Amino acid sequence: MRQLCKGNVAVVKGAILAGCRAYYGYPITPASEIAEAAALYFPQVGGTFLQAESEVAAINMVYGAAAAGLRVMSASSGPGLSLMQEGMSYLAGAELPCVIVDIMRGGPGLGNIAPEQSDYFAMVKGGGHGNYRNLVLAPASVQEMADLTMLAFELADKYRNPVVILADGFVGQMMEPLELEDIEAQLPEKPWAVKGTPETRANLVTSIYLETDEMEAYQRQMEAKYIRAKEVEQRYELCHTDDAEVLLVGYGIISRVLLSTVEALRKDGVKAGLFRPITLWPFPAKALVEAASRVEKVLVVELSNGQMVEDVRLSLNGKVPVDFYGRVGGNGPSVQELKQQVFSLMEMAV
Amino acid sequence: MRQLCKGNVAVVKGAILAGCRAYYGYPITPASEIAEAAALYFPQVGGTFLQAESEVAAINMVYGAAAAGLRVMSASSGPGLSLMQEGMSYLAGAELPCVIVDIMRGGPGLGNIAPEQSDYFAMVKGGGHGNYRNLVLAPASVQEMADLTMLAFELADKYRNPVVILADGFVGQMMEPLELEDIEAQLPEKPWAVKGTPETRANLVTSIYLETDEMEAYQRQMEAKYIRAKEVEQRYELCHTDDAEVLLVGYGIISRVLLSTVEALRKDGVKAGLFRPITLWPFPAKALVEAASRVEKVLVVELSNGQMVEDVRLSLNGKVPVDFYGRVGGNGPSVQELKQQVFSLMEMAV
Amino acid sequence: MRQLCKGNVAVVKGAILAGCRAYYGYPITPASEIAEAAALYFPQVGGTFLQAESEVAAINMVYGAAAAGLRVMSASSGPGLSLMQEGMSYLAGAELPCVIVDIMRGGPGLGNIAPEQSDYFAMVKGGGHGNYRNLVLAPASVQEMADLTMLAFELADKYRNPVVILADGFVGQMMEPLELEDIEAQLPEKPWAVKGTPETRANLVTSIYLETDEMEAYQRQMEAKYIRAKEVEQRYELCHTDDAEVLLVGYGIISRVLLSTVEALRKDGVKAGLFRPITLWPFPAKALVEAASRVEKVLVVELSNGQMVEDVRLSLNGKVPVDFYGRVGGNGPSVQELKQQVFSLMEMAV
Amino acid sequence: MRQLCKGNVAVVKGAILAGCRAYYGYPITPASEIAEAAALYFPQVGGTFLQAESEVAAINMVYGAAAAGLRVMSASSGPGLSLMQEGMSYLAGAELPCVIVDIMRGGPGLGNIAPEQSDYFAMVKGGGHGNYRNLVLAPASVQEMADLTMLAFELADKYRNPVVILADGFVGQMMEPLELEDIEAQLPEKPWAVKGTPETRANLVTSIYLETDEMEAYQRQMEAKYIRAKEVEQRYELCHTDDAEVLLVGYGIISRVLLSTVEALRKDGVKAGLFRPITLWPFPAKALVEAASRVEKVLVVELSNGQMVEDVRLSLNGKVPVDFYGRVGGNGPSVQELKQQVFSLMEMAV
């Protein structure tokens, strides 16, 4: 079925197609349409939508539903995600699958409601306490808002871990055509879940391990699955990288501006290429090393003051110079502005 | 005055000497002695100690007191710090000085109460939303628990920014001699504070900037001070680095095990050196590059599954191979265990 | 269907038969089996059970579901009910139907978990702010725990007002035969509800009336329905009152001890009768006046230090002497003890 | 010192003169000036003012400070007081002295911010759970807002029980001359308090009594002090009652309208008198019985739909007919309106 759809609404449609039937959250601009659409659509499929007292309450309800074996989600923006950091650490620590959507807004604190990409550290490095990882997916279109949400539920169950959809306010708010197949979600068995049934009475969902050896062994087991995920879940998109001399790297909405920039640069005779990470964790390091192997320069562009650039540098480990250009506060770079950055980087006159 | 003192208590003594007169928090092992000592000592100097309803309440009380111009602090461990992430982003976003102590415990979620160093990402990269930084200090002794707390209040006021004391449970719980000078704290003027007086009525403490240009300009101004801090606030300790062939890097309690390891290795003829970051943010990259300039190998050791190692790699940018060894769950590496790691790294037989 | 059932479980069975499909609460002894049974049975009939963050959260979820037109309930014991007082005033003030169960425990504050009847004032006089009334039903058996719960939902919808099931811990905890008919609940139309549909978009559920005349008119309208309820909803049970010289008055579990006392007294030649209020609000004043019209003395017995006795005195208005006997803390009076009270009241030798 | 002062501010001045040094609250119209004045004046005398996260947090802070032996207070209006009902039951149950001010606003739920007297039941009968009583004082002037607040702290300590100042929004908001003597408060010893000192280490402040006999004995002990208070603390004001044929009864602002009505009626030849309860609990029943002993009719006037009238009826127990007239929503009765009520009550033509 093809339809015109808002990014935030596409998330909910994807979630429902993925078999998600429980939503707990608290509205916040620019993520509120997710709550609104969930309030509308979840009851229609026999699911639960609940606006909680606070984001702290919401994420702990997610914990409860996930422990009971449901596909469950929440969504918010920066301040709300910060309030969820304790709960997300608990979810990861108890190996509970769930999907959390962050439609990033501007600034630390209250900031503003314009788009940014400045929650990268908080979501990708892990803003909660302890050794754990979120899997993080970065959609760049309305179609991907639905598709990656569906993928997120698959990955969440595969790795028994929270998966974050990290999108900027542009992708959340814009409308584009969306094509959805009406397929029946294949829900995995969850023999570990606590369902209030006699069979699951002995199951224990917990993150407490009082003995140090037990705690270390448990973290090693978590780490092992993170290593597995790093091997097989790196996702990315390449464009014009074969002969590129300068590689532009960006995710989400920025990748679309970078594609226009690449095309404009090529018209001007500059062999530019685009590398778009789709998974932010695991970061597509192997493909990036390969894509950057023949370029002279790498330019990372973000709607932040430089966060993902650290993962680009860690991946390339000094093999190629990595430069950064960022805009913040809701402002985005124009193609002209980025061309100028590339020219100056390549030491070319405009 | 020389005394035998617990690390957690030394934090409070340092805070009081620094002129801190307001403490808002909620107890959690292994940080509870900080609350206990604050409850005892703050009232004795005319200060306020308040055990709040939750960590969310506590950090917002810190915001209020900081906005009123007081030197103010809170302390907790991992789960509590996660709950404070929203408030910390607000404090940074409103440019409010405060000191937050994290006595790290084990594991994500509930975990256990044994020491770890796994909140590095959450505190150093910034677990809250938006572009902001915490300054982060890492004491390695009871003396430093007091001294770096005093420094923390200075830096907080100098940069109008939260400063985090990031200590593992070992440093928090152990007892050592502590030497304190009874000096009068020099409290800076804070003309920006909102004190409920006619003169400060027009002052506005906020993090909201609705216009994108205004929000971008404000973040550039915040960034400028972070760049200044990076230039002048990098702190570290070196040991036997002049002729080192292998450089061991660790902070907090680990740096003390590493020093023993270095000495043991040298007895075995291995020229090992120690680099101890004291500031985790800004990370002492310049000194590390210099210290690592003549070594063959770098080994980073943490009570985590590898967090600070990213900043070591970012600093060295591929110039020297960087290896990692970590223990978690409350377990710590022995000198023998670390020697073995170095031998294998240097491809030497034991 | 006849079954052996616990009082607390009977409440849930009655609620489900009455068409209630949403339960929000927080467990507390001696009401916890209600939450437990609701968690088990509500999902089986496609309903929602949610354990909220706190009683404050729970009662506000009840408000939301009631505003959406659902039959909805919560249950707790004293401390939880106290936390719900603000929400109950809001529910009454917005004319929202709901059923709230109070399984009374012992003492003010934390007290103990033994049965008492000391929340009478809080539930019957109205512990929340402002002019409003709860309708209050007092079951005295497991059968009535189910039957009066079904009635409660009818009355709640009829008067658009909260209805309280006020039961002591004895009635909540004891097991007795329960006979339930499997009837289809007749749910009334609620054209005033806000259902998220286009048709109900203009509906407004609120308790705010800024203008004084408007606020007064609204309260007069509420009062009018309370006067109506007082006329037609007084419920009670009489036993041996025709020729009684002394009238014993008690509700809930006490009424059963009083019945045994009446029978024992009659064996001793004392013409005693029993008056049992079933509705505590509206209080069955008319029937009590009638029943007391020929007696010499009235003795009110409660598991409190004297609360309902005020309504007995207000009803009789000095026409007959009203005496009181109470036990508290979880202790209940024996038949022998009560006989002794009556003897001494009637100035008879034992 | 004589000054022009608002009722809400007079409360704070009285509290400070009474030696109260801790205020925890949350602002709400029409009680906000109390918080505002407390924020201004408490720090000036070395006291603590704290705006809590919610009324639930505030009342539990009051519990903490009271347990530590401080004179402590809070203030709010209807909705806030409802949220404090659990805490107030805990304070009474743990026999902790404190002063709570309720500046009553209009309506149940959100209602409006105009004056009413409709929290009488919630404060006087006890809106929290369990057998306990608040002592309740009803000021009728700005001077009494200060004087009765001072008295409230005395009574709170004398009976180790919460004392409520129950005032309507008129008395809270109006300005009148206030005369205060600058006396040193005599603070009683509190050997039962928990002060964090070695001497008080064995003290236990609690309301939990698990054994039924222990719980019953404890409640009997509480009851004994309530009986004592009933004997010696009944306070009231009489006016023209000696030869009165009709007795008007009202508290707070209404008593002032009633006085004008009495004077107007006497000009018209109607022998009217005024009875003003100053303590609402204990209710001045003895004096009321005496004052009503020679009248033909009693008219109770309230800014409610009839709450205190129950205590008047309970006191007179049918000896004199008791009629009621009430206005709500922020509307108050005029003298003319009340004269008309009396005329119609006395079956006189206007």
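As written, the chains take the letters A, B, C and D, and residue 1 is the first residue of each chain.
As a convention for this text, a residue touches a chain if its C-beta (ideal position, glycine included) is under 8 Å from a C-beta of that chain, and two chains touch if they have at least 3 such contacts.
Bear in mind the structure is a predicted one, so any value in this text is a computation, not a measurement.
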C-alpha-based rotation, subunit C on subunit D, 0 to 180 degrees, nearest 5: 180
Chain separated most widely from subunit D, comparing mean CA positions: A
Gap in Å, rounded to a whole number, between the CA centres of subunit B and subunit A: 28
Separation of subunit A from subunit D, taking each centre as the mean of its C-alpha atoms, in whole Å: 57
Whole-Å gap between the CA centroids of subunit B and subunit D: 51
Shared-contact residues (touching 2 or more other chains) in subunit B: 56
Touch-based graph of the chains, sorted into line, ring, star, complete or other: ring
In contact (per the touch rule at the top): chain pairs: A-B, A-C, B-D, C-D
Subunit A to subunit B touching residues, read off their complex: 56, 77-79, 81-83, 85-86, 88-94, 104, 106-114, 116, 118-119, 121-122, 125-132, 206-220, 222-223, 304-305, 307, 310, 313-314, 316-319, 327-331
Sites on subunit A touched by subunit C in the complex: 39-40, 46, 48, 50-54, 56-57, 60-61, 64, 196
